Structure formats: C-alpha cells, structure tokens
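For reference, chains read A, B, C, D and E in written order, and residue numbers begin at 1 within each chain.
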Amino acid sequence: MNINFWLFLPEFTIAGLALIVLGLDLFLPQERKHWLAYLGTAGILVVIGLSFTLVDDTEKLYGGLFLVDDYALFFKVFVLILGAAMMLFSVDYVKKHLRYPGEYYGIVLFSVLAMMFMTAAGELLTAYISLELLTFSLYVLASYARDSPKSAEGGMKYILIGAFSSALLLYGLSLIYGTLGTTTYEGIATVLSSGDELQKAFLAGLVLVVVGLGFKITAVPFHMWAPDVYEGAPTPVTAYLAVASKVASFALLLRLFGTAFLPALDQWQGMVAGLSAATMTLGNFVAIAQKNIKRMLAYSSIGQAGVLLLGIAALSELGSNGLIFHLVGYSATNFAAFVSVIVYFNLTGKEDIEDFAGLAERSPFLALALTVSLFSLAGLPFFAGFATKFYLFTGVAKEGLIWLVALAIVNSAISLYYYLMVIKQMYLRPAPDNDNGRLKIPPLQVGILSALLLVIFWVGIYPAPILNLIEKATSFLYL
Amino acid sequence: MSPVEAFFYVLGVISLVGALGVVLSRNIVHAALFLLLALLTIAGLYIVLFSEFLALVQVLIYGGAIIVVILFALMLTRTRETPVRLNNNQRPLALVAGIGAFAVLTAVILVNKWPNTVEEIEPVPFRPVAEALFTTWAVPFEVASVLLLVALIGAIVIARPGGEEE
Amino acid sequence: MSTPLGMEWTFLAPAVCLGAFAVLALFGRYLPGKGSLLSVAAIGFGFVLFWLILPDVLGSETPNLFSRTWFESGDTRLSLGMAIDELSLVMVGIVTAVAFMVQVYSVGYMRGEPRMDWYWAVHSLFAASMLGLVLADNLLLLYITWELVGICSYLLIGFYYERRSAAEAAKKAFVTTRIGDVGFFIAILLLFKETGTFDISTILGSVAAGEISQGMLTLIASLIFLGAMGKSAQFPLHVWLPDAMEGPAPVSALIHAATMVAAGVYLVGRMYPIFLAGSGALVFVVIIGSITALLAGTLALVQNDIKRVLAYSTISQLGFMMISLGAFGFTAALFHLLTHAFFKALLFMGAGSISHATGTNDIREMGGLGRRMPVTTITFMIAAGALAGFPALSGFWSKDEILNVALDHRGAWLYVIVLIAAFLSVLYMTRLVSKVFFGPLREGSRHVHESPSVMIIPMALLAIPAAGAGFLALDYTVAYGGFGTFLFSGESQPFDYSVLTTTLSMIVLLAGMGAYLLWRRSIQRVAAEPQRALGRIYTQIYRLLDNKYYIDEAYQWAIDKGVLVFSAGVALFDRLVVNNTGVDGVGKSAVLTSLTLRLHQTGQVANYVLVILVSTTILILIVAFS
Amino acid sequence: MIPLEHVLILSAALFCIGLFGVLSKRNAVVILMSIELMLNAVNINFIAFAVYFKPIDLASSPYTGIIFAIFIIIVSAAEVGLALAIVLRLYRNRASVNVDEINLMKW
Amino acid sequence: MALKEYVLLIIFLVPRGAALLVVATPRDQRYLIKLIAAVAGVVTLALSIAVFIQYDYGAGGFQFEKEYEWLKGLGINFHVGVDGISTPMVLLTGIVMATGVFISWNIDTRTKDFFVLFLVLVTGVLGTFISLDLFFLFFFYELAVLPMYLLIGVWGSTRKEYGALKLVLYLVASSALVWIAILVLYVKADMGTFDITVLSQPEAQGRFAEAFQRTIFPLFLIGFGVLAGLWPFHTWSPDGHVAAPTAVSMLHAGVLMKLGAYGIIRVGMTLLPEGAQDWAIPFIIFATINVVYGAFSAMAQRDLKYVIGYSSVSHMGYVLMGFATLKVTGVNGAVLQMFSHGVMTALFFALVGVVYDRAHTRDISIFQGLAKRMGMTAAFFTLAGLTSLGLPGLSGFISELLVFIGTFQSYPIVGIFGIIGAAITAVYILRLLARVFFGPLDGRWDKLPDSSKLETASMGALGVAIIFVGVYPLPFIRMIESAVKTIPGIT
C-alpha cells in the first residue's frame, strides 16, 4: 500500500502539538501555564494554514477508511477553529477554577484530533474509534472541575450513559456488519443499493446506530444526560460539548447517512424526522422553566439539535448544505452565548438567570453580545440564526417535510420566550444594590466575543462565501 | 452434536450464569467474581469460534486488568454503612424492559435471513490479523493509542487526591 | 336681459369664504380686529355676488355650473361640482344675507371675547361650507359640506369650552347629528350602489326613469330623512338644539336658527323626487314633523331661558316645514324656511342684544325692557309677530300655506295638528314678549341701554325681510309668478289663498294671546294651590314639560345603561376572554407544560437509561417490523 | 456446526442481562460491570459474524469483525479505567457511589 | 440619473448607516446622537418625498428597481423596488420616523441605545416596504419586530414588561405562519425563487391550484393579520401601545401595523388571488368585528393610550375591510387608510406623549380642561380626533369613503356596520375631547406647559399630511390604483 503521508499532515501536527503541550506542561511554572493555550491556538492556526495545502485533494486511503476530500477539510478547519476558540476562552476560567491546565489543553487538542478523524472517517470502526476518542476527551473535560460535586456527578452520568449508549451503538454496528458483510461506507452503500430487500437485522442495527449517535447529538429521548452534564461541567467545556462535539458528530452523521445509508433513506427518514420533532419540541418547552442559565442553554441546544436533525431527515443537496450552514451559524452563536456566560461567571461567580439583572448597565458590551447571540439562537434576522434557519428550512420543505418545518418554525417562536427572559433581566431589571459596579471585561474576551459577533452578523447578512465553501464540501456526499 | 458444539452450549450456559450472577448477586465482590467467570467463559467461546487470539486478549485484558481494577475500585469505595441495597427502585420496570429488549432482539435475529454464511467455520490465523491491524487498520489503531493516552491522563488528573472538601 | 355676472361665478362665494378661513386659521391672530374684517368682507362679497348672479340664474334654463374631478378610483369618479337652480338660489340668498348680518352683528356682540381669530375663522368656514352645501351638485360634496357645517356648529357651540356645559353641549350636538348622518351616508352609498354616481341630477334622472325599486327608494328616502332629522333637530334627535344655545347668540342666530338647521329641510327638498317615488317615506316625514312641532311647541311654553324658548320654537317651526314636505307641500316648506330664516335669526339677534344688555338669559329677571331698548324691542316684536302669524308679516303667509297643503293632501287631522302647533307658538311667543318687554323694570336692569349700532343696524336690516318676505308669495309680474311658480317640485304651486285657513289662523292667533292672558290671570293662581285637584294636574304637567318629557333622561339612561355598559362589557370581554384567557392562557399553559415536562429529568441515571432502552426497543419495533 | 442464530441469541441474552444490570443497579461499579457484559456480548456478535461470513471486499477482510472486537476490548478497558477514576472522585466528593443518591442536578 | 436608480437603496441605508454611526458615538454625547438621528430622519423623509414625487404612476409597476444576488443556492436576491402601494408606505415611514425622532428629543436615559434600536426598527420597516423578494420581505418584517422588546421594555411605561413580551412573542409567533406559508409557496412554485414579481407570473400561478391557495391563504391572512390587529388576535396591540414610549408607539401604530396589512396585500392577495377570493367573506366579517369591537372597546377605556390603541384596532379594521372587498375602490381606500391612519395615529400618540410627558398620567377621568393651558395640543388633538371620526377634508374621510364604496358594492350590510363604527368613533373621540381638554381647568393642571416648538413642529408636519391627503388625495389614489389594479382577483 502506497500512502502519501502528507495527507495526514494536519492530524500529525495536531497530535504532535498535543504532545508538545503535555511535555511543556512539565516545565512551565504554574502562573505561566496559560501560555500553553496560546501555544495551542498558535499551533492550530498553523495547522489551519497547512490544511490549505490539501484543498481539492481527493483520496481514499486504506481502502476507504480514511477519506481526504473537501468535505473533511471543511470540517477539519471548522473544528480546528472551534478548538482554538475554546482554548482561548478557557484561559481565564482555567486559571481561576481548574487545576492541571497543561493536561486540560492537551486533552482539548486530542479532542480536536478526534474530531478531525471523525470528519474523515469512511468506515464504521474508524468512525467509532474516533468518536470514542472524542467522547473520552469530553468525559475527562466534563469532570475536570475536581472540587465541584456537580462536575463529578455530571462526569459520572456522562460516562455511564455514554458507555451504555456506545454499547448499543456497537451492537448496532455488529448487526450491520453481520448483515452487509462490510463496514466501509462505500461498501455499505453498494450493498444497500443492490436492490435486495433490506434485512430486519440491518434495520435494527440502523436504529441502534441512530440511537448511539443520537446520544452524542442529544436527540430526544436520548438527551437526558445532557442537561445534567452541561450544568455540571466547567462552562467552557459545556460550550465545547454543546458546539464542537455536535459539529463533529453531525459531520460524521451526515457523511454516514449521506453516503453509506443513503440508499435506505426511506427506512430511516421517518424515524429521524420523528426524533427531530421530539427533540426540538421537548428541548424548547423544558428550557422555558429553567433558572440556571447553563441549564437553560443546555435545553436550548437540545432544541437546536432537533433543528439540526432536520438536515439529516431531509437529506438532499439543500438539506445538507442547510445543515452545515446552520452548524456554522449555530457554533458561532452558541459560543458567543456561552462565552458571555463564562465571562460573567468569571467576574461575578454567578450563573443563574436572575443574576444577570442589570447587566446592560454594568457592561453594555457583554449584554449586547449575549442579546445578539440569544436573538440569533431564536432565529431572528440580521443574525446568523435567521439566515441559516431559513436556508435549512427551505431545504427541508423542498423535500416535502412541511409539517416538520412548520413545527420547527413554531418552535423557534417558542424559544424566543425563554431567551427574552434573559434579555429581560439584563435590560429591564436593575442590578442589585450591593453589586452593581461596572464590569471590566478582559481584552482577550472582548476580542473573542467581537470576533464571534462579527461572524454572527456576517453569516446573517452576507453568507454567500460560506455557502460556496459548503456547497463544495457537500459535493462529496453521494447525493 | 459434536463435542465442540456441546462445549459451546456448556460454556454459553456458564457465561449466562456468570452474567446473571453479576446482576443478581447480593454482594458486590461476588458480583465481580461472577463477572470474571462470565468473561473467562466468553474467552472460551472465542476459542470455540476459532479466534484464539481474541481469547488471549480477553483473558489478558479482562481477566487480568479490568477485574483487578474493578476490585480495587470496590475496595476503595466500600462504604461501611450496611446493609447495602444494591438495586434501585425501578427494578421491575428494568426487568420488563430487559425482557422486552431480549424478545425484540431475538425476533430480529430469528426473522433475519443471514446471507453468505460459510459451510464450515475456519480458524482465524494470527498473522493476517496482525498484519491487517497494522496496515489496513493503522488509522484506528493510532487513534486507539491516543485514546488510551487520554484515558490515562484523564484518570490520573481526575482520581489524583486533593481538592475535595475535607 | 343683460346679466351683470354669469352664474358660473357663483362658486366664488364659497371659495372666497374658504380662502378667508385658511388665512384666518393660520394668521388670524395677526390681523386687525382678529380678522373680523376679512371674514365679514368675504361673506359680504358673497352677498353681493348673490345679487349679481341673480338675473342670470333667473333667465337661464339649465342649472349647470362647473364640475371638476376631485379624484378617481376604479370606475368611481368623485367630482367637486356645483349647480345652481332655483332652490339653491333661494338658499344662497338666505345664507349670504343672514350670515352677513350676523357677522356684522358679531363684531359688536363679541367684542372683547378671547380667541376671536378662531371665531372668525370658523365663521368663514361655516359660510363656505353652507354655501357649498346648498350649491353642491353631487351627494358627496353635499355630504362633505354637511359634515363641515356640523363641525363648525360643534366648534362654535363649544366656543366657551371652559364651561363644562358648553363642552358637553357641543359634543351632544355633534354626536346626535352624527347619528342621523349615519343614515344619510348609508343612503348616499346605497344610491351610489344603485346608480353608480353621486351626481344628484343623474340620480334623480334614474329615479324618474324608475330604475330603482320602490322598496329601495323608500328605504333610501327614510335614511336620507334620518340625516335631515339629525340636522334639523326632529324628534327624537331634537335634544341637541336647546343645549346648543350654549354657543354665542350670533351663532345661534346663524347656525341654529336660520341656516344649518334648515339644511335638513333643504336636503329633503333637494332629494324630493326620491321621497315622492318612495312615498312611504313621506308618511314617516309627516309623522315625525307633527310630533316635533307639537312636542317642541309645548316645551317652549315653560322655558325660562330666552334662547331656549327660541330654540324650541325653532324645532317646532322645523317641524312645520317637515309636515309640509310630508304633505307634498314642497313650496310651502321652502317658503316657510325662507321666512323663518329671517324672523328667527332676528329673534336670536334680539335675544342676544337683550342678554348683552342685561347680562342674563333668564326671562324671569327681565321685564319692561321695551322702553330701554326701543330698536331691539321693535325688531323683536316684528319677528315675534311673524312667527305668531300676525297678518301681513312673513310668517303669516308661509304658515297658512302649510295649513293649506296639510288639509289638501293629508286631511283634516293634520290640519288640526298644525293649528294646534300654531296655537302653541302664539302662546309661547306672547309669553316671551310680555315677560321681556312689558311689566315693571327689574332691579338689576336699571343700567340697561340699547346695544351699539353695529348690532342694531343688522337687526333693523333683517327686520325688513322678516316683515315683508311673505309678499314674495304673490305674483307681481309675468316673469315672476309668485314663489310657488318660481320654486316647486313637479308642478308649480301658485299661492293658494283659503278663507278658511286665514280665518282659523286669525282665531288661533287671538286665542293664543287670550290664552296667555288667561294663564297669567287665573291658572297660575290655581297652580299656587297644589292641594286642589286642578293644581295638582297643573303641577304635574308643568313638571313633565320642565323636564322636557324626560327625553334627555331617557337618552342619558340609554347611553349610561346601554352603550356605556355594552362598551364596558366589550372591553371586559376583550381583557378577560380574549386576552387573559386566549392570549395569556396560551402563554401560561406553555409555561405550565414546561414545568410539568421538566420533571421527566429526574437526575437518576437509571431512569435516563431506561428511557433510552425503551425508546430504542420501540423504534426497532417500528422500523424493522412495520 | 453451531447455528449462527444460537450464537447470536446467546450474545443477545448476555447483552440484555447487561442491560438489566445497568437499569437496575445502584452501585456505579456494578453498573460498569454490567456494561462490560454488554460489550462482551457485542464482541461475540462481531466474532461470530467474522467467522461465519464470506468476505466480500478487501477492506472488510474476514478479520474486520475480529479487529473490531480487539478495539472494543481496548476501548472498554480504557473506559473502565476512566470511569472508575471518576467514580473515585465522586466518592471523594460525595462519599457515595450509589448513582440514585447522586442527583444534585435535575429538572 | 444614476442617483435616482439608487435612491431606494440610499433610503434604506440611511437609517442603518445612522444606526452604525450612533453605535460608534460615545454614550455621553447625547446631543450628537440625537443630531445624527435627526439628520437621518430628515434625510429619509426628504428622500421618501422625492421617491413619492418621482414615482411615475402613469407607467405603474415597480420602479427604482435594483437587484443583487444574495444566495444563489436558494435563488434569493436582494431585490428592491416600489410600486403604487409601497411608495406611500415609504413616505409614511419617512414622515413618522422624522417626527418620531423629534418627539423623542427628551429621551435622556440610555439615549444611545434608544436611537440605535429606533433606527434599526426603521430599517426593518423600510426594508419590508421596498423588498420584492419574499425572503427579504420576511427578513425585514421580523427585524422590525425585534427592537420592540427593548424599546418598550426599557423606555416604556405601564406594565411595560408584560406589554413588550406579549407583543414580541405574539408577533414572532404569528410570523411563524408567514414563514411556513412562504416556504410552502417556494416549494410549490418550484421555480427556485422567492421573488414576488416572478411568483406572481402565470407560470408560478398555474402551479398554485385553487385548493392549495385556499389552504395557504389563511396562513398569510392570520400571520400578517396579527400585526395588522386582526380580531381576535389584536390584544397585543393596545397593551403594546400603552407600554411603549411615544416615538415607538408612533412608529408602531403608525407604520408597524401597516406592515401586517401590507403583507396581506403584497404577498397574500397578490400571490394567492383565488385564496383571497375564497376567504373574502370570513375575512370581511372579521374586519367588521374589528371595526365595531375596537370602537366599543375604545369607548370603555380610561387610559388615553388605550383609547388610541383600541381605536387603532378599529381603524385597521377598515383597512382589512377594504382589502376584503376585492374591489379596486375598496382596496384603494384600504391602502389610503393605511397611510391616513398611520399619520393620524402617529399624531395621536405624539399628543398623548406630550400630555403624559407633562402630567405623568394618562388617566382620562382626572383630566379636565387642558385646552386652557395646552392650546396647541388641544388643537392638534381635535384635528386628529376629527380625522379619526372621518371628517371630510381630512385624510380619514377619503380613505373610509373609498372603503365604504367598495364594501357597498359587494356587502352593503358590512358597509353599514362600518359606518356605524365610524359613528361610534365620533362618540368616544368627542367624549374624550370634552373630558380631557374642555370644561373648566382643573387646578392641578394649572402649571402644564404647552407643547414645545419642536413638538409642535413635528405635530404640525403630521397635521399638514393629514390635511393634504384630505384635500388633495388625487396623486395618492392614482398611485395606489396603478398598483392595485394589477393585482389579480381585484375587480
């Protein structure tokens, strides 16, 4: 086998970077550990730069296990950016609340590596093991706040349910392997499109795969771990869980369902549509009653997962473009929301919705950032959320799933209610008398937030360039 | 029924007994030992299925490593306040759900037409498996190694003493 | 005949007044005399213009003037057009003459009042609108000006808006007439629906051609009459007019006696062919007219406010006109309108002059003013005589005409009704005159002296037509064959002299005056002893009249207990049902759903796993075995 | 030869016993043990499929199932290690490893 | 001229640019901020007048068109243009915006935030009126709702949190229906475009079968209707008005509610003519209820703003009534009523704002005789009131007349109710005037100053617009008709 190892350049570099970070950690004094985050970020930027050497390279390595194409490249750059952002907005939080920063950043880098493999996997085992790597990293990160009982509780719930659901996933994979005799996406697609009647065991396996992956993307009814874990985890990790993990999982899902399982579309479309409907409705409704902002955002991102699932349910060119487009907008938006919460938490140590009272006076910028991101999450125009949802919904509607789109739109409207509850606190309520000084936001956080807001506005107002990239990426799906 | 087949059924029954022991035993340490039993008989089943290599791995990793870790953990977390209730209060529901799942899976297995079955199963040779593992499956292999690294670091970071409220 | 000015220039009269309004509204406060001069000049111009175009109109066959598209929509064309025919001509004459006199009179009467720029502006607007009303060749313009005179009336009644009563009276006037206007407006739109035009002559053409069904015409005519009832204060919409006396006296003279309130009569006259075609409506007209005439006549008997007496008298006289119209007496009605305009305006001006001098409107505080204010007294007496039907004075002619048509077309019952009403008018006028001008001079009236000449000259001038306008009924020349051959609907109605009527009306006149004397001499003495049966009856009747038959109370009750309660009910429904239940209920139920739903998240790993397992099993069942 | 279905049913039975354990146990360590049972059941599946089927393409050589099983064992080992570390941490924080007592976060 | 081609873009960009400028201005530079807003307002007004004058209604159709590709994948273009319906609406927006800025001159709490949001609101409104692509129409439609929450919640009064929340949620929820309907149209037409001008062509129309239109039209009707105050979905409106600060009430009742009506005609009736036909009778019944119900509700109110709020509900009923006639004249009247009511109600709210600003209450029952001290305010209030009750010579008369003519052509009974509604309006308006402004002056209001010069000028501008339309409606009607008669299904 002749392998061009240059094609692994990004992965190798990131792995090396992670090891360097872990190594340097041994030598850096405690107060300089945050340099590792900057190092990691810089490294990621370099890797992004390097990635561009791979533009338009299309290869199937190891008999289709590892795919090099623009789809993978798009998502690699995407997750790299997410990883870099995550490290940057973790810095202050890690300094204040967490021990062992070196390992933290190292594991973040490993998780980025895992996500890169997920986007490139062309085979079930590869996909599975990358997914596990990601999940493991997240288990660790979610339990990272050693002093916090909530963190450990979240970690425990996460790993137990995670292990359980990967057992289900594996059982499903075994059934698929058993009925089709192959695990590569290409092979699966070939067998499925041969026109034979689909086997019961395959269908059962398919369901189990959906369940296993549904767990990762917090699809209802496999979502129940999410609120607890999100609430318990250190907030930057929550953001990461809600965004990066979902992006990578959807990258995987989309490739899997858009290539391997595409011929069996009729069998799973209804199921995915049903899950999508349940996910967005439940997530949105339960979010209304939340008091903790992290938990509220957790439910909100469950709701968003339902919206994202629309793209899988209505798998088509427009649908998958819409899915990725929405992922882009969603990532920036949700990151912005979480970063605002992190910044506020760093400054005040509070994270209940009521604690945000008077933020508009105390820090107009922070209030604006949070407002913009919440409005964007609600799918209001001018912000990313509207454009991306509109695109996605149009794609889904075109596939004939009007009822689902209608439900999604109604859900967007409902979601506005609980977002407004936060905005109400920030703008309409005065800050408590004993705690109403102006807040000084560190410049780094201002920078991150501004960048995220820019992306939100950019996607919302002039998304054509991004969509061009997305269209190029999705052309590698067998649609 | 050939001896091999008989062996299979015997082992199967023992593994089931072991498994049931895990979930039914009233003593945690006993449960762990039942697990060991189940895992070892499953290794035996692998041999019946001509996968000696895997049987080896099973015994080494499960029998050697995992059970030990579990026993350690049990010791470290043993609480003095007895009597210990091992089952939660949704047990009847769990039973129904478990049986239901089993019924559905069995139905799937029985209804399904399994294609391409070989006439006679053959032993799985070591060498090609090893070769495949390091060539075709190099990518997952590398990922798995990173995964172990992450698990290691994670376990150390999380379990290392200190930080809890004393 | 050479004509000094073509009648197409008539439009200048309202146009100049409208221009004056615009100037006054914007810059009035900067003009000398707060703009009085401009306003008077504008209407004076109109009065002159009337005489200038008069020959042309008399000599012309076609009553067409000018018409200009205002706007178009779809195939609907709305034009602003004017036409002058005999009817309009008469009205223009009345309006310009009375308005001119009243405005001049105002200069004296209103001296020293605040906001006079506003007063003059509204007067000009009124003149413009009223002229527009009588000249309009289409219903739309007619309606517009109809509303505009209404609003001018509103604004002028409320001129002393700091008085609560004035503010309320203004509101009452507008709202009450508005009720009638609803009918009128509906009628206009129905006519438009039937004929596709607002043009009056076209509409009347189609009516004549029988293009509209009988029932529809009756309906439309009734609706039009509803409008007229509001404007002309016919029962039961008459309640606003007495209250409207809160306005300054010149306003009452002009708007609430001579011109605007007569617009209802004019309207019916203008649309008379429709009434004739849908003749059921005329019965309605005659009944309403009769009720009004009698009812207002009785009410005028007990009023102590001089202007209110005159107001009820106006209502009653308008009732006469309506009776006449309802009895096919088009000419008689319009003739009475003409004479009434003069003598009633004069009466109000006199009343204004008196209250200007005495500082009160209450006739119980007056008395013996005859010697102190000779000109006022004489002119007032002339007008009162005209109203009462004193021979040769204008009212004598017109009232007899009404009696004649009532007898001819509706029979003796109506004749009797009119006679009774006439008797009542003699009675209350006698009461008024004797209380105000005769008897001893009151303590508070020692300083009283005659009003300034800027007031009494217009009065004197107006007294001429008030006395002599009746002679217009007679034919003098071949060209002018009397009022009845000049202004008629259908066929000409030359002056109809009836000995019976004249005799009876003379008897009524004398009886009325005699009755008053009787009243003063004996009945009041009877009334002073309420323990006797006769006294009790008298007191009760008096109370009934004094409370205006409780009509206002009935309205108040209907508004308070009906409209307001209904609207409060609607508002409450809106709050409780639509909003709190419908809207907030949805919101609350969403929150409730959320509070319930979130309980599924128990925090127990085992539950979470169970849910996953059960749903997985179900999904497998569905997907694999469906 | 043992019928494939028998192997599969055996694995299904093991799987469901594991499931039942996960659903009904309080102790986190016992739950982990049950999960191990489930993973072993999956392994039996993979191996059975690997040996019973003819290969159909190169990448999925007959050994795919075997390889899969090897990886699953690796992962489960790592999982147990990590999970126990978390359980230990939890025990230190909360003095309990009974998952039904650990519900600070709910609703 | 080149500039002429871009005038719509410029109009649309002026408030947006101004918003950015204000964002860049330091918070404490209050005067500068107001100045920027004022300049933006005046420029927008001037440009909208220019568009109004330049629009050639002889030629009709869409003018000043510009089209830029935005998203090729979905066929979304940024396509702007105005026709005879949108041109008056743009003018209306210009007028209300400019006056709104001046009326808000006293806002000194969080001035910057206020004007940013205000300008965003205007951007949304203008964007909706000039967009010819359903996507952008909807985009700006929602954008216009968005700032309302904060504008009301922060600067409002009387149950502001409730009012703001209800308003925004209600409107966004209703726009969900619109969104759904838009997507359905897109899919059904299957032409890969959201462009209204394309979707109204026979090719697309051929694909909208009657049954389909009948199903989808109610989505537009209710979705947009909520914003237009359609009964029984109107309750957000009075509450929202009451809670909102003056300028926002002005824009809101004056322009924002028109967006709903505009949506009904521009999208619903244009693209689904047969659907409109089928729903005409329920539509007109609801509109009639609007008129009468709104008027009666207004009569029972004690808060000045509630009166005006419910009167808006009532008056918007005439707009809907006019639409439902499906007659050229009726629809003309409805569109003119949108303009007329916009100006009138803006004036009303400005006046209530002036009174509230000084008296700090809006309770009708405790006012008495304000005219003595606030002559200008009283005069303008009378003017607005007279417009509201349909006095000839003022704009309301013309529009209502046209609506009635249209209604009488098809549904005389409804027309009668409409006229009765106008009479009821007269009752409550005059009661209000008599109560609040006339009668003896209550001592506690002895010190109230009259409206300031700036306020008077703003109100004067609105008054001029009212009278202009009332006296010389010809250009408006010609313009509106040039567009209305091209709408299929309107006879």
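Rule of thumb we're sticking to: contacts are C-beta pairs under 8 Å (C-beta built on N, C-alpha and C of every residue); 3 or more make two chains touch, one makes a residue touch a chain.
Quick caveat, the model's predicted, so the values are computed rather than measured.
Common neighbours of subunit D and subunit E under the contact rule above are A, C.
Listed by label, the chains touching subunit A and subunit B alike are C, D.
Steps from subunit B to subunit E, minimised over paths through touching chains, total 2. Per-pair tallies of C-beta contacts place B-D first. Placing every chain at the mean of its C-alpha atoms, the farthest one from subunit A is found to be C. Each chain gets a centre from the mean of its Cα atoms; the one farthest from the centre of subunit E is B. Legend note: the chain whose CA centroid lies nearest the centroid of all displayed protein CA atoms is E. Rounded to whole angstrom units, the spacing between the C-alpha centres of subunit C and subunit E is 37.
Here the spacing of subunit A and subunit C, counted between their Cα centres, is 78 Å.
The centroid of the Cα atoms in subunit C and the matching centroid in subunit D are 97 Å apart. Centres computed as Cα averages put subunit A at a distance of 26 Å from subunit D.
The residues of subunit E that reach two or more other chains are 169, listed in rising order. Counting partners per residue, subunit C has 587, 598, 601, 603-607, 609-610, 613, 616, 620, 624-625 as the residues that reach two or more other chains. Counting only residues that touch two or more partner chains, subunit A has 62-63, 65, 125, 129, 132, 136, 139-140, 143, 146-147, 155-157, 160, 164, 175, 178, 181, 200, 204, 227-228, 289, 414, 417. Chains touching one another form the pairs A-B, A-C, A-D, A-E, B-C, B-D, C-D, C-E.
Residues 19, 22-26, 31, 99-100, 102-107 of subunit D touch subunit C in their complex.
For subunit E in complex with subunit A, the residues that touch the partner chain are 27, 69-74, 110, 113, 120, 124, 135, 138-140, 142-143, 146, 149-150, 153-154, 160-161, 164-165, 168-169, 172-173, 175-176, 179-180, 183-184, 186-187. The part of subunit A that touches subunit B in the complex is made up of residues 1, 15, 22, 61-63, 65-66, 99-100, 103, 106-107, 110, 113-114, 117, 125-126, 129-130, 132-133, 136-137, 139-140, 143-144, 146-147, 155, 175, 178-179, 181, 199-201, 204.
Residue ranges of subunit A in contact with subunit D, taken from their complex: 62-65, 123, 125, 128-129, 132, 136, 139-140, 143, 146-150, 152-157, 159-160, 163-164, 166-167, 170-171, 173-175, 177-178, 181-184, 187, 191, 227-228, 231-232, 289, 295. Every residue of subunit E that touches subunit C in the complex is listed here, in rising order: 166, 169-170, 232, 234-236, 239, 293, 296-297, 299-301, 310, 327-329, 332-333, 369, 371-372, 386, 389, 391-393, 397-398, 401-402, 404-405, 408-409, 412, 415-416, 419-420, 422-423, 426-428, 430-431, 433-434, 437-441, 473-474, 477-478, 481, 485.
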